[in-house]
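Two complexes are shown next, each including chain A; its partner changes from chain B in the first to chain C in the second.
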Partner chain A sequence: MMRRRMVFAFLAPALLLYLGFLILPAVQAFYLSFYDTSGFGDTAEWVGLSNYATLWGDSVFWRAMRNMALIMFVGGVATFGLAFLFTMLMNAGMKGKKLFRTLIFMPNVIAVVAITTFWSFVFMPRYGMLTSFLKAIGLDGIASTAWTAPENVFYAMMVGLVWISVGFYTILIMAGADKIPADMYEAARLEGASTFQIFRQITLPMIWDVILITLILWAIQAVKIVEFPYAFGGPNIDQNLYTPAIYLYIMGFGQRESVYALGYSTTIGVVMFFLTIAIIVLMRFLFRRERVEF
Partner chain B sequence: MSDFISARGIKRCVSYLVVGGWALFSVFFVVWVVLASLKRNRELFGSPLSIPTSPQWGNFVKTWVNNRFGDYFINSLLVTSVSVIAILIVAVPAAYVLSRGRFRGREALSSFFAFGMGVPFPLLFVPLFVMMASMRLADTLTGLTIVYVALSIPFTIYVLEGFFSSLPSELESAAIIDGCSDVQVFRHVMLPLAGPGVATVAILNFVGLWNEYQLSLVLINSPENRTLSLGIYSLITSMQYSGGDWASLFAGVTIVMVPTLILFVILSEKMISGITMGGVK
Partner chain C sequence: MLSNTSRQAIVAAVFSLGLAGNTGAATAAELVFWSMWNEPEPQAAALRQVMDAYTAANPETTFKVVWNGRQNQTKLRAALQAGTPVDFMDQDSDQLAGGLQKEGLGHDLSADFDQATRDAFLPGALELFNADGKIIQVPYVYNTVNFWYNKDMLAEVGGTVPATFDDLLALCGTVKAAGKSALVIEGNVAFYNVLYFSHYLARENGAGALGKVFEDKSGDSWKTPAVLAAAKATRSLWDQGCIAEDARGFQYPAGQQTIALGDTLGELVGSWLPTELTESAGTDFPWGAFNFPAVKDGVGKSTDIEVGLLSMMVLKDAPNAQEAADFVKYVGSEEAQKILVEASGVGVTRKGVAWPAALADAYTSAEQATALSPFGGGLGVAYPEFTSTILNPEYNMMFLGQTTPEEFVETMAAKTKEYWAAQ
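On to the complex of A and B.
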């Protein structure tokens, strides 16, 4: 059997790295959130809960929270709606299911900055691809819309975000649906059930646990999202694109003029951490349901 | 009856149109970016959907040499490869012990590692930056690599545990009866059996770290240490002042996306099954 020495030797390197560069900084983050510091040479000043109090009254933070909620709910409905639709259609006996699934997933292996550069070009004011396309089909009225204007830029970003997310969540949901025995579908089809009925009555209840996990995953990702909106926003990112994590980054490291409010910045991270925990607990509670065994 | 057939036929057509259309857009994306990288800027803006009349390979030369994407490419390749190798060296033995060993606190330790997947990385931005600065590793590729390895451990161990625990225990027992030591069992029996799983996590980590952006944004500052994603972002920033050379920018985008796309074309099945295993298990 395995000797203790081997257990120890095999675990130690991973455990040390994990403790040193993930757990320790996470603990330090909590500690930092009670201080006011710019990090470079100056002594950190204990400010108690004042960072949290300031955050509570910070309108930029609440705007970022609102954007996060919009991604979670509006983006979530779009993403899961499309992922369910594709799962339903592909499971209704389409040929080339694997190829379609692979292509739908493909954007997920491409660097986020590459994807956002493309979408920036699509939505560029005046010369963008969408504008030229709309002009070409004679819709000059809509073509003059400023897609990256403050009131539109968030939803322009959401289009690209939903595009890649659909690919990711479709493969997760389809993998769950693939585990359902094929004879259940066949029996339902023989009874004359429609594609939607089959999806509603068989697929959904059978993969309830998968759906719960994917919903939790989506909510957690919405809480911590940085890369897509940040890269889409480019330099001088519009506040309408801020998420809590982007605001955290900007308060910590700034744009061109750095802010270096390291304590305040980290406070946002702590709030994100508790939001994540709250989401996991809440979702598990809301979606309590007997798992279907088969 | 014929009504029924045609209604079904229309439904089928619509299914193919919807799913196929969405899938084709992925292809369109890749093809369009590559074509855009070969155009003149005037052509790119004037007729964004055309095929370049005379391919401008000079865009790539400009991006690779003048915009230093050659250096960024080497940085990305170096950081990503070293990180992936280090992750495997560290995580494979740990996952093996966690899934096949029998010792007190095994399950607790396993959940403790899994907990890391729930920590939002932005929480770590400031502490990691301060820590790296105090170790004189801020703004170095070494520092970035260490952080990549540490932060990839939870997911990698989680997926590998699944692979190791699915292996049959008969071979393990047979090897022990034949006089193998515990380390030999791992080295000569279980590790080769877990080969496909190890390959899967290697590919997933490679793609993930090649595309990684937020941590490098926090930890890397000097131009000579930029990875490809940072290179593209800084090119966008500089375009604000020098006017938009979008064609060269898309050459940069092509450079960052081609390696992972090649991997995906060869290994898409492996990658998708790895992700769904991690997510759905």
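On to the complex of A and C.
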């Protein structure tokens, strides 16, 4: 009994903080999503499910959802494709493994704004690094492409996002791969397995739980992503770069136009919350495998 | 037992102490000011000088400033919900009009501004955001929207300031023949690009034309020939080579830098441009500005201008509302306005206070203005959500060639009808 009381006493501060700063505001957000309010004054008006109905028919929201899906799937394939490639190469006994690992992780320790400024300069038409490089090697036709024009800007942003993300996910996957006993690789090599075969037959199955976690992390990041596309697009961000979280921000926090639809904005947040839960449950269901013990 | 004299002396002492105390409480005030500037900015330093000058003349009034940056109003929203006492704040006038003012959270300053004080403002500036005739916000910085251009380049190519839109197109040809671009844009700043459309429509149908089109709840006004003509004309700036094709990809501030680099003649933008380009263009850059030109058979005047003002607002529940109102009034005085011009290089709202040399044409534009509208014809003030999520992005798509002018007007007609049906 005494022990139980002690456990409760030690847990209480953390629980109170968790309840006060996470659960309570989250519940309030659900509550707010049923109101039409600007957040100024006390004039919130109960509108029931109206915000949800409006959101369902809101083409801007669906555009943001489409962008989110592109980040999740196209960006995911690119990020994890490269992360797997790097893991495979580093496990194949490449020289300078530690240096390479440090280099690909480096973008994660630089401020996002600085990284996006760099990528904006890379893709800038006329004076940008990519344009200058293409001109220098005589590809004037491709050099004249406006990489940040509306039809290209999303994919230009995606290149930078994949670049910054690859290092982080490679490190996570590598951390799992490093725990695999070296003699398994050695045995496979003696049997004549190729680098790709070793990765597919040994590394991948043995770190499947790590892969699942990284995939879930990526999916969560894709749903809630704000900072990279927003910093890339600038304060007057083009709708081609909207994600649900950016749309939430635009609708709730007043940018150039004084849009203060806090109730509606919260509705977007609630939808994002349920979407995240649904994606996690679905991924755990789709990717469940029997755990390999070693 | 006290004598009568002693009793009188005590009463007199208590009374005078009380009076002194009351006097102190009524006049000594520390005004809490939430500002849209960041502390290192020259505008913040200028405002600090204005406050210091005010305190020197009124020692009982001091200031506590929170330098919030451009998200000031949004930050203030949370603060007001939490009951934080704030006396006055500043923000872009149109944003204030659609935010705190719309919510009825501004203190009515009408009684503090007599006719002489009102007449001291440049034409229309004080009245632009009046609410039912009441003065809720007081503009202190004035930005005009004009074509900002390099005077030397215009002379070099042998061009002249265009009086009509056709003249502008002709000028584009002249500049292009010299191997330069006449105009540049920021592809990602839709609210800059909409300025072409709102101005053209205002020149065709008069000031405030865009608002009238939107307020036709059937949406049919979008399908009128004038609206389609405005969309086509602005799109023609690309077809006529006024704007270089790669400018579609310029993300702010890449476009305006081409003016500083000498690749482009100018840009349709606010009078903040010379300040923003000071570092790259230099302080001696030959800035000129002209109003959006007249259009053929249009009823709008080329002296009708769009403006971006910055205003101060005393909050409705300000602890020191009267003292704050007195200070806000002082900010409009000649002394304070001169400090603002000299210390931060901005244009100001008081008549007769010269703007910095680079903004001389903008001052003329403001002084001669026959009608003022907020950016984009003011639609963003009255209907911010529609402007932000529908008009600006849809126009930008058309302007940048992703849709046609015909598709643009059809979409806008449908979306306008949808908007009003949902109200």
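By definition in this document, the second predicted complex is superposed on the first by the 279 of 294 C-alpha atoms of A that agree within 3 Å, B and C clash if a C-alpha of one lies under 4 Å from a C-alpha of the other, contacts with A are read in each partner's own complex, and residues count from 1 in each chain.
Keep in mind that, in the parts below, contacts are C-beta pairs under 8 Å (C-beta built on N, C-alpha and C of every residue); 3 or more make two chains touch, one makes a residue touch a chain.
Note that this is a predicted model, so its numbers are computed, not measured.
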Taking the superposition as given, does A:T79 touch the first partner, chain B, the second, chain C, both, or neither?
-> neither
Given the superposition on chain A, which partner contacts more residues in chain A: chain B or chain C?
-> B
Of the two partner chains, chain B (first) and chain C (second), which one does A:G234 touch, if any: first, second, both, or neither?
-> both
Quick one: classify A:F253 as touching chain B (first), chain C (second), both or neither.
-> both
Thinking of the overlay built on chain A, is A:S165 touched by chain B (first), by chain C (second), by both, or by neither?
-> neither
Considering only touches as defined above, state whether A:I213 meets chain B (first), chain C (second), both or neither.
-> first
Return first, second, both or neither, reflecting whether A:T203 touches chain B, chain C, both chains, or no partner chain.
-> neither
Considering only touches as defined above, state whether A:S38 meets chain B (first), chain C (second), both or neither.
-> second
Go through the superposed model and pick first if A:V60 touches only chain B, second if only chain C, both, or neither.
-> second
Across the two complexes, what residues of chain A are contacted by chain B and by chain C?
-> 39, 120, 127, 234, 236, 253
Touching chain A in the complex: which residues of chain C?
-> 71, 73-74, 77-78, 80-81, 94-100, 102-105, 186-192, 245-252, 254, 258, 263, 380-381, 384-385, 387-389, 392-393, 396-397, 400, 402, 422
Which residues, counting only chain A, touch chain B once they are in their complex?
-> 1-4, 6-7, 9-11, 13-15, 17-18, 20-26, 28-29, 32, 39, 82, 85-86, 89-90, 92, 94, 99-107, 109-115, 117-118, 120-121, 127, 129, 132-133, 163, 166-168, 171-172, 175-176, 195, 210, 213-214, 217, 220, 223-224, 226-227, 230-231, 234-236, 244-245, 248-249, 252-253, 262, 265-266, 268-270, 272-273, 276-277, 280
Would you tell me which residues of chain B are touching chain A in their complex?
-> 11-12, 15-16, 18-20, 22-27, 29-30, 32-33, 36, 45, 48-49, 89-91, 93-94, 96-98, 100-103, 109, 113, 116, 118-131, 133, 146-147, 149-151, 153-154, 157, 176, 182-183, 186, 207, 210-211, 213-214, 217-218, 228-229, 232-233, 236-237, 240, 246, 249-250, 253, 256-257, 260-261, 263-264, 268-269, 271-273, 275-276, 279-280
If you look only at chain A, which of its residues touch chain C in the complex?
-> 38-41, 43, 54, 60, 120, 123-127, 144, 146-153, 233-234, 236-239, 250-251, 253-261
